[in-house]
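Presented sequentially are two complexes of chain A, the first with chain B as partner and the second with chain C.
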Partner chain A sequence: MSGLEFVNFYLIPGLVLGCIYAISAVGLSLLFGILRFANFAHGDMMSWGGYSALVAVTFLGIGPWASIPVAIVSTVALGLLVQRLFYGRLKGANSVVLLISGFGVALMIRAILYFLFGPTEVTYGLGIQRPFVWEGFRIQWRHMYFIGTAVAIVTALHLFLTRTRTGKAMRAMSDNPDLARITGIPTDRVVTVAWVIGASLTAVAGVFLAIDTQLSPLMGFNLLLPTFAAAILGGIGKPYGAIVGGLVIGLAEEMSSLPLIDGQPLLTPAYKTGVAFAILVAVLIVRPTGIFRSPQ
Partner chain B sequence: MPLLDVRQVRGGYGESDILKGVDLAVEPGEIVVIIGPNGAGKSTLMKAVFGLVPLRFGIVAVDGEDITNAKPETHVRRGLSYVPQERNVFPSLTVQENLEMGAFARRDDWSAAMARVFEIFPPLAEKRGALAGSLSGGQRQMVAMGRALMQEPKLLMLDEPTAGLSPKFMDLIFDRVVAINRSGTAILMVEQNARQALAIAHRGYVLAMGQNRFTDTGRGILENPQVAEMFLGG
Partner chain C sequence: MFNRRFVMLSAVAAVAVMSGAPVGAQAQDVKIGAVLSVTGGLAPFAPAITAAARLAVDEINAAGGVLGGRRIALVEADDQTNPQVAQTVATRLVQVENVAAMVGPLTSSNVLAVSQAVTIPAGVPLVSPSATSPAISPLDDKDTVFRTVTPDGLQGRVLARTTRERGVTRVAAMVVNNDYGRGLQANFIAAFQEMGGTITSATNFEENRASYRAELATAAGSGNPEALLLIGYPASGGNTILRQALENGFFNRFVMTDGMRDGSVIQTIGPQNLANSFGTSGGSAAPAETLKKYQDAFRAKNPSLDPMGAFAPQMYDAVMTVALAIQKAGSTDRAAIAKALRDVANGPGEVVGPGDFAKARDAIAAGRKVNYDGASGPIEFDAAGDAAGAIDVWSVKGGAISVDATVLR
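Showing the complex of A and B:
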């Protein structure tokens, strides 16, 4: 296998998948840090974002890229509603209750999507597009946009968390919610901001995934496992770790079918999703706090 | 009128009350120390004043205004700052960011307050860019107290500020408490090092089993033979 083939068929797809995982996992991890529980409806919120864009594409006649703001607004509204109706009321409940309520919310969202859009897979109708080719190196334009957006999101999030008052308050609350309250940080407002950011990232990941593959009510749920694997690998609650975690899982999944021995793939591509699961289990056994060291 | 006026408070975490009718007052500019054996309810009293433990009965008033069971956020706006005994810094934030968080409720310019904190605790100025989680116990206590001072409170509440510190840091913290008080901030402090604390206190309270046992000047309590025998170890 030539170096070019490796780049075109393994490295680029791995990076693209990794970027989608990373965007999704950052949202999950950020919300975990603030809410102190894992939102199991995260995957289905991603599907919700994807379908929101589909509605905009169908009824407003705009392209899927232009529909992203619509998906963001719709998913943020859903997130805030779920917080208001369910999670907010269960504040202080034990983690099993929150976990089950997360599953319940996930099933509700999925049921609504099945009811409105049916179980069949749909696309945004982008059609077949010519990739960018240069000296044998080839990449789809949409993949370049994905990677570019991921870089922009990470940069913006970093600046937000380290330079703004609200961003610092978010890190403070993630460190110690009780101390944040004593300090006079309005924790309810921080929760709202966390949902706005987390749900926005979820919507973007959902639309990207739908652009790259196809939309179905199960699309987001199928991404839940790699998203969790990415977030846990990076140390759940740590947004920066989730970025690295996402890239590692995405690359590992694509690299798992590298034809290293006798031209045969290491793993049949059908088992690709198993790679994320294997990494997840390994991390939980060896380093449950993630691959990065905590300051405390 | 007392700055902080606590009357006959009863309450606790669960079914049974830890506080069984406690009175406490802090006048503007005072250092008030609460001592007593383990389980007397000293820390619970501090938390209850700050709205972190529910009260079933009694009144907590600041400047004559009833704030019983109000949310902790509102206490900050009324000029109360509280430093818990443990987990009192944000470990993944830098020293400077910890101090900034202390000023979160302020809308005005707080740069003078930060300069003042660095004046009181010079080591923090050197460590301003370091993560609070990487600091020693004594330095962390300085960050925690600095954070509380950022809003220039009328009353600074300290829960065992010298617990677990080396004697060198203990002396330093007591010395700084006096310095902070001299600039006009009233102080309410729970302390295990009762003798040292009472020596700098204007007044002291001895709590036992959720009730007031003795109330006197700092010196008066130190010289009280009954207190000495029961609570100061002879």
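Showing the complex of A and C:
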């Protein structure tokens, strides 16, 4: 196998998958840092974002890329509604209670999607697109946009967290919520901002996933485990860690079917998910709080 | 993992809560459980299959029901195309709803899980319209597990022969990692190699992944294959595999099976990209006039659905044979129903078919022997409880799935 083949068919797909995981995991991790619980409805909110874009594509006649703002607005609205109706009222409750309420929310969102759109998978109608080819190097245009968007998101998030007052307040609250409250940080406002950012990222990940595969009410839920793996691997609560975690898991999954020996994949692709979790467990044994230490 | 267990538990709890009893079920109704895959990988097939089951029940009740006027109540449950969930909902149907018999589940994995854990121990007769894995035949089932669909031994052979006839000698296989995929793959490979074909690589894939590019690259890169054998379901990876294979130029010809015989494949991939691809699926061996009775009745109730959608005729026949067996058994005793299934379906006897329920029931009530020949074929259960039917060879023509040939052997 040539180096070019490796780049085209293993490295780039791994990066693309990693970017989708990373964008999704950053949102999850950011919200965990502020709310202190794992939002199990994250996957279904991703589906919500994907279907919101579908509504825009269908009724406004715009392309899926142009529909991303619609998906963001709709998912942020959903996130704030869920926070107001459920999570906000359960503030300070036992973490198991929050976890299960997260499931409840996830099932409600999924039920709404099933009710409105049915179980049949649909696409944005992009059809088959031939890749961009240059000197044997090949990549789908949309994958270049995915990677570009991921880089832009990381940069913007970094600037936000380090340069703005609200960003600094978020980091403070993520590090120590009690101390943050005592020093006069408006914690309710920070929670709202965290939902706006987290839900926006979730919506972007959902639309990307739907562009790359297809829409089904279970699409986001199916990504929940790798998203959690990425977030935990990076150190949950640490957005930068989630990016690294997402890329590591995406690359590891695609690399696991490399035909290094005898044209056969290293590992039967049926066990791809296992690879991600083997890496997760190995890292957690060495560094129990993830690559970037998560807050206790 | 801790979190994962919660996922499972809550999913199970949600299913248990959400699927209630049928509306308007009466105490004297005879309940038939239907474990369907309304959501999950097989979801695109569910509407036509469910409609076929309801059509059969409606016809039976309109004709006056069974056992001297008792109505049939179909208790539907969704197994999410997942064996654990299937077991949970089947347990509820058997223990709580106390169903007399069961139709479904749809997938082979779910039939294996449900039959071994629930219906065989409870002695509930189970008739699946669509589980095609050869692994179901040798089950030690005390003669309670039946199928109105032809097992995959025949489909594998017909697919291998068709593949060779259409000039393909080197095939890479990508197959869903479950009982259906592995069983059918083994049948295809054995037959294909016997006919002089070469399998360049055989890979099992996991459902619901966002990317299959790496395994497609590996499959395309080894042994110079001419086509990809894809055994899977459209919603849980099949369409993604087709799309990624085409976009990256890994494969442009696909050999598919019943799992992929669905309009959503054409809608997602585009008919021009499937021009030289083909596949097989369980077909109907019924004579044209028998089939037409079923199709007309189906279309009258469901104008937007395809009466020949994969496994819909088989589901209609499953409900019909169960209802006739209940009549023959003379009670809702599960063991008696299981025993009567072969009696009403197999020859010799007065031949009855779709739309003949009243006639068949009255014949049984009068003590005569009937032989049900259904919409999917002449339904003759063999010693293992399997029906021998026909296999359709299909391809995509004019933007729709069209049947090129129907093969009996």
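Everything that follows uses one rule, which is that the second predicted complex is superposed on the first by the 286 of 296 C-alpha atoms of A that agree within 3 Å, B and C clash if a C-alpha of one lies under 4 Å from a C-alpha of the other, contacts with A are read in each partner's own complex, and residues count from 1 in each chain.
One rule holds for everything that comes next: a contact is a pair of C-beta atoms (placed from the backbone, for glycine too) under 8 Å apart; a residue touches a chain by one contact, two chains touch by 3 or more.
Nothing here was measured: the structure is a model prediction, and the numbers come from that model.
Colleague: For A:Tyr87, is the partner it touches chain B (first), chain C (second), both, or none of the two (neither)?
Modeller: The answer is neither, since A:Tyr87 touches no partner chain.
Colleague: Check the residue A:Ala172 against both partner chains and state whether it touches chain B (first), chain C (second), both, or neither.
Modeller: first
Colleague: Classify the contacts of A:Trp48 with the two partner chains as first (chain B alone), second (chain C alone), both, or neither.
Modeller: After superposing on A, A:Trp48 lies clear of both chain B and chain C.
Colleague: Comparing chain C with chain B, which touches more residues belonging to chain A?
Modeller: Of chain B and chain C, more residues of chain A lie in contact with C.
Colleague: Between chain B and chain C, whom does A:Phe146 touch in the aligned arrangement: first, second, both, or neither?
Modeller: Touch status of A:Phe146: no partner.
Colleague: After lining up the shared chain so the two structures overlap, which partner does A:Leu258 touch, if you call chain B first and chain C second: first, second, both or neither?
Modeller: In the superposition, A:Leu258 contacts chain C only.
Colleague: Under the stated touch criterion, which partner chain does A:Thr273 make contact with: chain B (first), chain C (second), both, or neither?
Modeller: The second partner, chain C, only.
Colleague: If we overlay the two complexes on their shared chain A, which of chain B and chain C does A:Tyr124 touch? Say first, second, both or neither.
Modeller: After superposing on A, A:Tyr124 lies clear of both chain B and chain C.
Colleague: Please output the residues of chain A touching chain B within their complex, sorted ascending.
Modeller: 165, 168-169, 171-172, 174-176, 178-187, 294-296
Colleague: Enumerate the contact residues on chain C facing chain A in the complex.
Modeller: Within the complex, chain C touches chain A at residues 1, 3-4, 6-7, 10, 14, 38-40, 43-44, 46-47, 177, 201, 203-206, 208-218, 221-223, 234-235, 239-240, 243, 246-249, 264, 267-270, 273.
Colleague: Can you check the complex and tell me which residues of chain A touch chain C?
Modeller: It is residues 1, 5, 8-10, 13-14, 16-17, 20, 38, 40, 99-100, 103-104, 107, 114, 119-123, 127-131, 138, 140, 209, 212-214, 216-218, 222-225, 228, 253-259, 263-265, 268-273, 277 of chain A that touch chain C.
Colleague: Note which residues of chain B are touching chain A in the complex, please.
Modeller: Within the complex, chain B touches chain A at residues 50, 52, 71-73, 76-77, 82, 84, 87-93, 97-98, 100-102, 104-105, 131-134, 147, 151.
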